[in-house]
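The letters A, B, C and D name the chains in turn, as written, and every chain counts its residues from 1.
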Amino acid sequence: MRTIEVGILGGTGMVGQQFIRFLQGHPWFKLTWIGASDRSAGKRLRDATAWRLEGDMPASAGDLIVSDCKPGNAPQLVFSAMDASVATEIERDFAHAGHIVVSNSRNHRMEPDVPLIVPEINPAHLALIYRQQRSRGWRGMIVTNPNCSTVTLTIALAPLKKFGIERVLAATMQAVSGAGYPGVASMDIVANVIPYIGSEEEKMEHETQKILGEVENGQVVPLNARVSAHCNRVAVVDGHTVATSVSFSSKPAAADVRAALEAFRGVPQQRNLPSAPPQPVIYMPQQDRPQPRRDAGRENGMTVFVGRVRDCPVLDIKFVACGHNTIRGAAGVAVLNAELMVSEGLLD
Amino acid sequence: MRTIEVGILGGTGMVGQQFIRFLQGHPWFKLTWIGASDRSAGKRLRDATAWRLEGDMPASAGDLIVSDCKPGNAPQLVFSAMDASVATEIERDFAHAGHIVVSNSRNHRMEPDVPLIVPEINPAHLALIYRQQRSRGWRGMIVTNPNCSTVTLTIALAPLKKFGIERVLAATMQAVSGAGYPGVASMDIVANVIPYIGSEEEKMEHETQKILGEVENGQVVPLNARVSAHCNRVAVVDGHTVATSVSFSSKPAAADVRAALEAFRGVPQQRNLPSAPPQPVIYMPQQDRPQPRRDAGRENGMTVFVGRVRDCPVLDIKFVACGHNTIRGAAGVAVLNAELMVSEGLLD
Amino acid sequence: MRTIEVGILGGTGMVGQQFIRFLQGHPWFKLTWIGASDRSAGKRLRDATAWRLEGDMPASAGDLIVSDCKPGNAPQLVFSAMDASVATEIERDFAHAGHIVVSNSRNHRMEPDVPLIVPEINPAHLALIYRQQRSRGWRGMIVTNPNCSTVTLTIALAPLKKFGIERVLAATMQAVSGAGYPGVASMDIVANVIPYIGSEEEKMEHETQKILGEVENGQVVPLNARVSAHCNRVAVVDGHTVATSVSFSSKPAAADVRAALEAFRGVPQQRNLPSAPPQPVIYMPQQDRPQPRRDAGRENGMTVFVGRVRDCPVLDIKFVACGHNTIRGAAGVAVLNAELMVSEGLLD
Amino acid sequence: MRTIEVGILGGTGMVGQQFIRFLQGHPWFKLTWIGASDRSAGKRLRDATAWRLEGDMPASAGDLIVSDCKPGNAPQLVFSAMDASVATEIERDFAHAGHIVVSNSRNHRMEPDVPLIVPEINPAHLALIYRQQRSRGWRGMIVTNPNCSTVTLTIALAPLKKFGIERVLAATMQAVSGAGYPGVASMDIVANVIPYIGSEEEKMEHETQKILGEVENGQVVPLNARVSAHCNRVAVVDGHTVATSVSFSSKPAAADVRAALEAFRGVPQQRNLPSAPPQPVIYMPQQDRPQPRRDAGRENGMTVFVGRVRDCPVLDIKFVACGHNTIRGAAGVAVLNAELMVSEGLLD
């Protein structure tokens, strides 16, 4: 396969660094362009920002000259790690100019003609892009992935859709890396819990319905299920944990739920896409797992781990799900979206 | 008021130390006796155990000679902080011998003739002791308080009972102090979440129904509500946080729920018992509160803080509650139970 | 004693909040004025800033209208909690206008005519203010306290001065509260150590020499001892821990050092100043103490705890000291400085 | 190269699990035998112990039947991860019976005829085994590696030996994984520092002198340098940080020290041993590095990272070193010791 050059919009921030790390050694994509604010443009990346992740900044990325966020010289495929405060216009400008914008930003997710994709769950939603291009007069497109906590929740729910999901109650315990850098103040989180993450509950509630919905007549009909989220921040570095209760129209036994989780495979697995994990979900039989520090990073951070599937006295079934928020929930899901799009022939 | 001598069964463990601390300077109760295992008996308390709480062991307690756990020379009123592995027989022996055993141990909580009391909620359940004494032939009695996470949940639910509680879904984030000493291994909890606490979910589900039930014909009829708990351990020192969703037969507005929480007072407040907080519940209007490190210890650790009362898309109302697990949830609630019993004239 | 009205410069920041908390219920000082940036001026304090400490903002402080940082209507005595980026000019303006500025800011500490005071150690350094007033033409004055880690170190060293301190090697483990709010990013400190705190080592090395110095001919002659600091940030909320090795000209035994620490008393103890702890230093005989979470807040946070005094194979004696960085190391030491100055008759 | 079968003494404990993980996929060594206490013997490993590390127990190890700790059927080469309470006799029994015992236990380290090896530093100390075998009448041998914090310190010091090390003052901030499982109680370490680790300071002081010593006439002459350690436990999962000050007979400039650290290579690098990192030491120029969470695990956890080399006002040079305590400081260094011994032809 030929190498595809890619760029990152917002490449100096925390999410941008996660893209840089995740793209290291990618078999299809080669990072050749980084766009950031005017303040950084013209500098080498290593001089424009400090590396916040483990180890050192990858040398090949550090040598790139940061561009400003204008469509001119960027590759066709750009990942957007832009802050929500600036993403709306810039992403539109790139899509208008013909770029394929695979965005982790929240700005366009809920627009009716923008696909909100988790590749194992709803690859068919890519069909929205034809309407998007037609109605907006764009040569390019914007394709989005959900909020990090929503990714973990929806991957755990997708195998259970066949049981007729009716209600979902999810309480999260989210890692500090989800808030970027500097993000959560240490005075707020050391030996503490913050029972609030701005607009996170709304995102989980609405994005889940859209992702689990079906495309009909070129539109997404959201899943007709009620979703309620309690979002909490805890002193964990990476890995969101979601205590989940679900009711179903058909009343599956806990064993049926476990079997469905383990059996789940999606298009990325069928096509053997480079970033696809062997299984989207691994069920852990131990009574005290999954745990974010011990599990979230396994399988390259692309698998969601589920445990403790059991009867719920209030809804039908309860379980705990755990996924890596900055990989499976951000950079990794976006790259997998791009791989899906390549496999669909959406790139030139 | 005369001073009442009290003892502690299991006074060398972590819960025992919490009793010692909480009883310091108590206006009614004077700690004069500590019972522990044979290994400790005969030693001064300071030589029998290391102090695990803040600061130093109170000197007056440190000077006490530890007794073995036999009824002989103990005061009439004894608090039990015994490990569940040994509490059953010893508490019975003391009750049989005429002692009033106010127990934090789980062993007898769910027995039909043993009161399970949170003084603000169900003081009328003390009526069970007459049946207990009659049927068991005891001169003394056993009165229990619930598990630490249940205390916080039930105090937040009690003011809402009038709205007709039907279903409760609670996800906890519990402090490590709830597990005693050595308790949770640091390898398990630093930068991690443990989504399991042995038998805690069952305790929350069943104890809540009993506490919120009514006494009819000398028996407790449990609240006819379904309760489901997800119990998680997090890296917090003190203070359990409970993300709670509730449905009601009458559909109160969020504002009604807030008002009911703020207005709640119980018998301990009416009688001005020494350990009673001015309000059992304080509602915090800030969007990111309560938080365990910042709030659980306020008001001497005896108040439950509730915040974020809002509509729940799945059940009716959702909120977050936070209480101090070793004070309000253990030593403090037991001492308040004893104060209630004194105010009822149950001591000689 | 009459009540003395006081103000706080920089009252909306984290250190300002610590002053507000520490001044609650003070027997001499009544907080009546808060100065902050133009952005906050004119608002009630409760509307100008969120409360970052435990519990809620004290109501009496929350009702104060924030002023801008101009000398006009402030009380004679003002505590400065200003950020170093703005403190230099504003503190000078206040001193010039006749105010007594008791500052926790670093800006003026090392100026030769500015006293740098820990009241138990060097109250005689207050003599510098006469030169300060004369040479600068000020009616008021600036008196400073040291950096938070230096306070703990110097209080532990002061009782040992009589043994002839020659060299001091101190490695700190400092709490996140020392960095203000938002301060340290949680991504930097959860399950981590940051082996660097900007300019902290220089402050510890130079401030220690000045504080332990003597006034001769109206000037401070710094202690002729070499001081080396390794400053580290750890995931602790409050309380700086300092692993310290010291060499002396007279070679005291470890027992002599322990005795000197326990016997140490200063002018604040002799005069029974309101914020003075009974003992500036408490020696803990346990092999694993002091510890920041268990010890720093004891004795109202105003005592330095020292433990593990033992022979050092490289210098002479080694020990560990621990003090509360935002109380003893900031607001508390400043208030105690003001109390000392009142007791010296320095206020009108 | 042929495959060499290896066993692990004490394979069910935490250190044993680290050996199991580190040996996964080793090009020379194949784990075929695990010895543990009678309680575990006869069970499959997966049934004998819970896996405490990230992810799941490697399947091939989980299938092994645990043997009791008798020399009979074990392979010639056994790694010892035994608890100090039992290691003395069992290691001797194995050595006597002809086994090559490569031990991480502390029991025999300081015996004059037992090599205490860090392969990059003192491979020549292997010469002690000839005396060991002769005087003890053993066909096998015991070779040890140092305590985890000592490994990090000595690897940072070894390149500086040429400058004439005279005095070393080291203050550690050690990860909880160093204490095994359950190890440190979470009540002791969440938001806290424990300024004491039992017998750790003595180990660092004495082992450092032995490792940096020279073999003369078949004996190790310890380095004639004074070493003082302050050992502290902090809330870090993996990675010990050592704030270090050193004085030298020749007074190297900081730049010379940095150059020496970067240039350092040892026998494992020359022979390209499988577990040898490319560089034993990497110097990090950033002002706030190394950090345990971000750096200790890099380079497979086998490199020691050093930063902040600068002048020390008390000794000559100060710096911070950080290494992975359970890899470089335990299982990894032991396996590298075994590789060194294979390369020396010490196995049959």
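We adopt the following convention: contacts are C-beta pairs under 8 Å (C-beta built on N, C-alpha and C of every residue); 3 or more make two chains touch, one makes a residue touch a chain.
Just so we're clear, the structure is a prediction, and the values are computed from it rather than from any experiment.
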item: Contact-richer chain pair (by C-beta pairs counted) among C-D and A-D; value: C-D
item: Centroid comparison with subunit A (C-alpha atoms), farthest chain; value: C
item: Euclidean distance of C-alpha centroids - subunit A vs subunit C, Å; value: 47
item: Separation of subunit A from subunit D, taking each centre as the mean of its C-alpha atoms, in whole Å; value: 40
item: Sites on subunit B at which at least two other chains make contact; value: 188, 190-191, 235-237, 293-294
item: Of subunit B, residues touching subunit A in the complex; value: 167-169, 171, 173, 188, 190-196, 205, 226-228, 230, 232, 234-237, 241, 243, 245, 287-294, 307-308, 312-315, 318, 320, 322
item: Touch list for subunit C against partner subunit B, complex; value: 50, 53-55, 190-191, 237, 286, 293-295, 297-298
item: Complex interface listing, subunit B residues touching subunit D; value: 14, 52, 176-177, 179, 181-191, 235-237
